[in-house]
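Here the structure comes first, spelled out in structure tokens, and everything after it is commentary.
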Amino acid sequence: MTPNLVQFTHADLSAIAPEMMLALTGCLILLIEAFAPGLRRWFATLALAGVAGSLYFLLEAPRGTTFGGRFDTSSLTVLMGLFLGAAAVLAILMAKPYLERTGEEKGEFYALLLWGHLGVSLMTRGLDLLIIFIGLETLSLSFYVLAGFFRSVAASSEAGLKYFLTGAFGSAFTLYGVALLFGASGGTKIEGLARPGLAESPAVIFGLLLLLVGFGFKMSIAPFHAWAPDVYQGMPTPAVAYLSVAPKGASLIALYRVFSAAFEGGMPDRFRTAIIALAILSMTLGNVVALAQRDIKRLLAYSGIAQMGYVMISLAVFGRDALGAAIVFFFAYLASNAGAFAAVAALYRDETKPHPVALLAGAGRRSPFAAAVLALCLFSLAGIPATAGFIGKFFLFKAALEKGLYALALAGIANSLISIGYYLKVVYILYMREPVEPDAPPALAPADRFALALCAAAILGFGIFPSTLWEVARRAAATLPFAGP
Amino acid sequence: MIGSIPLSDVLLVSGALFSIGIAGALLRRNAIQIFLSIELMMNAANLALIGYGAALGTREGQIIVFFVIAIAAAEAAVGLAIFVALFRHTETIDVNKINLLKW
Amino acid sequence: MTAGRVIFDLAAAAAIVFSGLMVVGRNPVRSVLSLVVAFFALAVCFVMLLAPFIAALQVIVYAGAILVLFLFVLMLLNVGREQPEKTGRPIQTVLGSAAVLVFAGLLLGMFRGSGARVPTPADPVAPSLLGDPAALARLLYSDYLLHFEAVSVLLLAALVGAFVLARRENAS
Amino acid sequence: MERLLSDHLLSVLVFLPSAGALLLLFFPRSAVSAARAFAIAVSVLELALSLPLWTRFDLLQQGFQFREKIAWIPQLGISYNVGLDGISLLLVLLTTVLTPVSLLFSYSHVEKEVRVFSLTFLVLETGMLGSLVALDLALFYVFWEVMLVPMYFIIGIWGGPRRIYASMKFFLFTMAGSLLMFLAILFMAIRHQAATGVWSFALEDLYRLAFTGRVETLLFLAFALAFAIKVPVFPLHTWLPDAHTEAPTAGSIILAGVLLKLGVYGYLRFALPLFPDAATRFAPWLGVLGVIGVIYGAAVAYAQHDMKRLVAYSSVSHLGLVVIGIGAFTTMSLSGSILQMINHGLSTGALFLLVGVLYERRHTREIDAYGGIAGIVPVTTTLFLIATLSSIGLPGLNGFVGEFLILLGTWTSPHRWWAAAGATGVIFSAVYMLTLVQRVFWNPFVHEENKKLTDIRPSEFIAAAVLVVLMVWIGVRPNDVLDRIHPSVELLQKAVAAKLASADTRGARP
Amino acid sequence: MTLPLWVLPVIPLVGFAINGLLGTRLRKSFVTAVGCGAAGLVTLAAYSRLIPFTSGDHSTVIEPVVSWIAVGNLSIDLSFRLDPLSALMLSFVTLVGLLIHIYAIGYMHHESTDAGYARFFAYLNLFLFAMLTLVLAESFPLMFVGWEGVGLCSYLLVGYYFDREYAAAAGRKAFVVNRIGDYGFLLGMFGVFATFGSLNYSEVFKKAAEQPAAFSPALAAICLCLFMGAVGKSAQVPLYVWLPDAMAGPTPVSALIHAATMVTAGVYMVTRCNVLFRLAPEVMLFVAVIGCFTALFAGTIAVAQNDLKKILAYSTISQLGYMFLACGVGAFTVGMFHVMTHACFKACLFLGAGSVMHAMSDDLDIRHMGGLKAKMPITYWTFLAATLAISGIPPFAGFFSKDAILASSFEAPGLGKLLWFVGLFTAGLTAFYMFRIVSLTFFGQFRGTKEQAHHVHEAPASMTMPLVVLGLLSLVAGWLGLPAVFGEHANVIEPFLAPIISPIAGHDAAHEALPHATEWLLMAVSVAVAASGLYLAYQWYAKQGGRAPARLAASFPGAYALVADKFRIDELYDVLFVRPYAWLARTLWKVVDVLIIDGILNASAFLVELVGDFLRFLQTGNVRNYALTFFLGLIALLLFVVGAI
């Protein structure tokens, strides 16, 4: 009757080893910061090693659920782990030269990044609403701090405040949603939702909507997006690169988990319509407002809002192929968006000031590599073929059409057209406008160069040879129960 | 029915508190007061969790609340630190006046 | 009408009233203090709902530690009364209030309706044992071990974060 | 190596320029002339490699030749599936001819970012060739869009004063059409999967699909819009004058020479055989729009005072004629249309090139800035005159054969009046082109600064001469070309007729 | 061994290629040798075929060379045809061509730079190529090659002095107006193909002749279209306006292209298609009326002009009108006969004019001339001979051909008598204005400047030699077609050309010849009319120094101005077509393209941006608003999803 006080099996340990690796690396960095600040320049390497180690453990971890069915190690989580890990790697790579430039190279940055990363990882792996919520909060708390990391810069502090207030507000709703679902299902496990007829219960619908809103907030889906532009603008760019990609993917997976459990009989029409509306609103608002942006980071924020609108297509279709498509899309989005932010980090000299697009004028000549990668990333975000972005949209639109969601597909197409307007505007400034700043930008740091090269290679690689990724994503998606294909 | 208290009553109280919290978060301009309201929202959720737990006859509700309190504490620490950091720049925590980042 | 019911109702009423005061008040200090009272009242509710341990936590951690921290920061920042809005832009207020009313209507309506239904538990814990701290602890270290570990990281992150943000620059 | 050239000739052709572009990346920035020379060398090699297509092309075989097929995204039945028939053969050769011509012309004129310019151009060539040989719709779409990017850069970086507006307009216009086509392609593949259980984007598989009236109409319109914008068909043409005018000369040559043709090509290869029923129903629209294009383009061209703009509008007019020929859908008119695409590529390419010769020396395209310069630049004048004559369809040069076949073929179709109306282009083209010649090369010499004009340089001359030789060749021996077009046209007609017939027997028509 | 026909056009083509490609680097003498050599060679080659042909049975020879365009059921061969009609054309095209090449040596010698000289000869050779192709073609498309080719040469040569705006404009005008005609020709060809399934003469005409009933319904339209082509090329009303302007070209060009050969291509074409035309009697009538009207109209204008070449140009138009009149009344052979005689005397006139112009330092105003007879005897005598020929004074060439036309019209049914009368009147006009030239130019006192007077001299031998030859021809050429009154076999040309008027099933070609008496009478009348025209002109201009006509002009100022201004047809066209077209072009561009299409597009793009710019400000920077939008979004979702439950 009395359970062992600590039930901690070897399987549990192996399953959680990746997260432990991250937590410990963070601690180690902090310890070094405190006791051997001379070793600062190794922080990035250490952090990379931590991420690499965590990925190693993740790949090695035995498949299956652990912690009494509350923690998942499946092809889906491994694939998402790779996705998140890649985002972390890129963020760390660009963080090093970035922090060096700004003189803010502190161990806390890496530690918080790693812990935030841990939180995101929990979000993808948790089979328990509470775990997911804790992961979400870990992520949020770390990134509230990272948003305000440049304490000497008012904008950064303001970003911290805005992110914190909206984030906490959103979390409260998520929490209330968790509470409702807990009450309705009798437990925190997601699988508990998979009881026939439960999805018709008003409390469950209410709770699911609150979760949708809460995670939608993290994904910056309109109208829950308003924080994103301000926060992106004030936040240190490497942290944005991570924040604009990883939590969004994890949120989608969490939503998928919850929905696939709750909607075993298929998504109710009203729900689907609501998601379609969100998708269209998000795409349209994001794209149209992005047209009017003057700051590259805000522009990318709105572009991200629009991109998440495309992702919502997947949720509206709601099926195995749709999830696979979303995963492919996220991989593409990772390479393109993180690449774009990496290029932005490399192309602007003064990090503490705003990043007007106009300053990029002539960058094509001043800093050809970074500019070329930025252009490539933007084309990928625009969905031009032979880039990863196109492949992502290809599968999403395919899923929408298969499901018969023609209006959604058409809206997506119309939005793609609008988006080209601002993506090309940046490209135009990069290459076709005479520079306003005659002096050369800082030379590209090796880490930046590497990050950019990685992104470019990924964009083209996935863009030209997408079949492996698609196969893997589809298999991963198959680990969730779905009513349909 | 928990003892003599119907679950729906608990939930109604929780819902009322939650709504009051939202109202505060939306209507106040002082960041600290906004944050207080958010704390209230979380407490409303806690009440619901406790109520549900009791009604279900499980301790899980309490466990969740336990974690939520921990999270709320952590959030408070970070949030207040953010307010302090911002206050050094702006000398105010009236969010109406904090709009460097916009448009 | 049992005594428990009466106490719960009174405590709930107090919680609601003081929460309302917290929201209405312009003086932040008074708001904090109202919330302290509300949280105490909630703690009473928790007790009535068979969760004495959580009630204790509520008093110690929430009302005690967290809200005091708020007060402390308020004092530190020396924030005065919120000034009435100068510009007549009531849109936030009007829309916000209306939205809250709609939301409350929906939520409370749901709870009054079928929303308060819960599944019949398979093997419910006896009401008297629900709040048993030892049992809670056991649960915490068995089923919720993972959560516990995760929260430890969360707390660590919060600690470091608060430190990063609030410390004074040593050099400048 | 030999195997590569014999069995994978098309792949070599498609990817050789890109490989060259890749190598260019490793050229140091300062190696300007090396980059130029290298790009020209690559394009000339490409031309040399493409010549066996002409000689090895089997005139008796109606279907696709030089086929290659490799799985690409096997889960969706998307494959790297390429092949060549008479229609694409000619356009491929046109591309491989015009690319070195453009690069050769640019040799002495592009000074800014030469390496990037050469690189972009080579990538563009890959895009064009790829779209021409792709037999898989997904593959086609990829190449089709890939073309846009380099062209956007070519206009945007090396273009004229309004290049930004022009490049943006070009990109958005083209994209607007092709995005709908993208949905249509996806939809068809999904339908194919639903009907057969197998995923496929292969053209030949999708040919076999039959759609009901409304669906077919919508799909057809999606395709047709994409291609109509590219052609461009009135009233979707307004990107063209801007793009042509602002593009650097080499860009204009390629735009007019190849890119516009891809619209017509796409229509013939995809829209028509995939949706013959809808295409038949919409053929009258096509014809009418073609007629409007002919007359409208010619009229507006007459009003221009910018040389390149004038030539650009002349393209609208000429392509209108091509559209008429396709709308009429007779063997003769189709063959004529295809031939006319080549002709237009040569003559308009040459016109742009020669306008470029003047522009590079005087830096203005205003017609009024010239006048009476025939005596100063006699060789340029002569070449320009020949190109003009080709453009206005003087018999003995290539333009006439195409026009004649289109009009005669259309006359023998039920839509006789299209031919009658389209033939007025014969008059109007003479009006605007000869006015141009008169105002630029003839008339009294007024502008002193034109005294300094130098005549065409050897590199420019070679580029132009190649085109002129081809003009004369096609004009005198059109059968060399027509023999290659004809079987493919007949096959196309047969396929369409068969599909229409089967649709009739099934009673699929609403 | 006979020379293949295809060699004929190729010879001048080679000449063109040499002079055209290398001309700028060659010396004038070499250019001359190549240019004239090609012309001479082609003349020799042509006669080497013509002589056996005329002496043989002159049955049609068709020599296919190679397939040119073959698509579907269309098959166009490059094949050439020698029959009496093409033989006739060939005979004078090559000969006159050669003469004018020779004349041009002298004329162009100091007219141009080395490059220009080579260019000129290159164009002339190219013209010969195109004209020979036109004449020898066996199919409509091949004829069209030549047809457009001569148009091109006309364009190039009219615009030879490219730096003179009027010359450049005239060249363009010539081409464009011709193109209007060509449009008709093209449609005609399409009609022919659609009706007969072929474009080869032999097939088309054979089918038409054998089953006239099957085809005649379509033929009216076809013939009308074809005639439109002829109207353009042969400068008939209403498309004649280019020809007077075309005089801006060097005079040899005017002589060769705009008088002797190219402009008669329309007549040639109509004659070539006589089978078709004869099956469309309404069109025949139309042809006749147009021809007749043009003859009168152009003749009228010519009376009031003062530019030597312009007068000759209007005279050419007028004479071409006669030819069409002949065709229209069914007298195709007569029309062709006039083509031939006209080629001789009009070429002679133009070359004479060139000689005068040469002497007058390029002044062409006949009011400045006078008394050149003495200084330029050869020019005078040859010019006089040609004038008499065109005026229809026996026994000069024009008399026979023109008289035959008048006779044919007279005997034509329907409007025949009217046509005859107008033709007759025009003949009088012709005689009048032609002798007005002679009087003003060669008689009386010199009225030009001193320098001109000093400069006036007879032309060099290279110029006078062709003049003499052509002058002689103006005298004798007509003897080939003596009227029937001179004997059964007096007319050589008629029976020679007879085979081209192939019989049509069901149509009897034979008609009653005019009684000899009537014929004599008609001849007498026309001679009288011509003579009185001559006399009047001589009296007014040579004797009285132009006082009478000046008085006449003064008493009808409006009418005179109208005629002197060529009825202001150019101005009319300008108002009716040129300006509206330019206006339309501008309007379409500025309104449809820029305002409407681009306007809509730019406006929608702008609108989207505007919306974006507006929505941008929803991002107020105030975090409370963000919370509110979040919350409102949630409520909307709840209302939508939960509200429905």
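Read from first to last, the chains carry the letters A, B, C, D and E; within each, the first residue is number 1.
The rule we apply is simple: a contact is a pair of C-beta atoms (placed from the backbone, for glycine too) under 8 Å apart; a residue touches a chain by one contact, two chains touch by 3 or more.
Bear in mind the structure is a predicted one, so any value in this text is a computation, not a measurement.
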Partner chains that subunit B and subunit C have in common: A, E
Chain occupying the middle, per Cα centroid: D
Chains most often in contact, by C-beta pairs: B-C
Distance from the mean Cα position of subunit E to that of subunit C, given in whole angstrom: 103
Centre-to-centre distance between subunit C and subunit A (centres being mean Cα positions), rounded to whole Å: 30
Length of the line joining the C-alpha centres of subunit D and subunit E, rounded to whole Å: 38
Where subunit B and subunit D are represented by their mean Cα positions, the distance between them in whole Å: 65
Junction residues of subunit D, two or more chains touched: 172
Subunit A: positions in contact with at least two other chains: 130, 134, 137, 141, 144-145, 148, 151, 160-162, 165, 169, 173, 180, 183, 186, 202, 206, 229-230, 421
Multi-partner residues of subunit B (each touching 2 or more other chains): 11, 18, 21-22, 25-26, 29, 34-35, 51-53, 55-56, 58, 60-61, 67, 71, 74-75, 78, 81-83, 85, 95-96, 98, 100-102
Touching chain combinations (by label order): A-B, A-C, A-D, A-E, B-C, B-E, C-E, D-E
Contact footprint of subunit E on subunit B as seen in their complex: 22, 25-26, 29, 34, 95-96, 98-103
Of all residues in subunit C, those that touch subunit B in their complex: 1-2, 4-5, 8-9, 12, 15-16, 19-20, 22-23, 28, 31-32, 35, 38-39, 42, 45-46, 48-51, 53-54, 57-58, 61-62, 65-66, 69-70, 73-74, 76-77, 79, 82-83, 85, 92-93, 96-97, 99-100, 103-104, 107-108, 111-112, 115-116, 118-119, 121, 124-127, 130-132, 135-136, 139-140, 144, 147, 151, 154-155, 157-159, 161-166
Subunit E-facing residues of subunit D, complex: 169, 172, 235, 238, 241, 296, 299-304, 330-332, 335-336, 372, 374-375, 378, 389, 394-396, 400-401, 404-405, 407-409, 411-412, 416, 419-420, 423-424, 426-427, 430-431, 434-435, 437-438, 441-445, 478-479, 482-483, 485-486
Complex contacts: residues of subunit D adjacent to subunit A: 29, 72-76, 113, 138, 141-146, 148-149, 152-153, 156-157, 163-164, 167-168, 171-172, 175-176, 179-180, 182-183, 186-187, 189-190
Residue ranges of subunit A in contact with subunit B within the complex: 130, 134, 137, 141, 144-145, 148, 151, 154-155, 157-162, 164-165, 168-169, 171-173, 175-176, 178-180, 182-183, 186-188, 229-231, 233-234
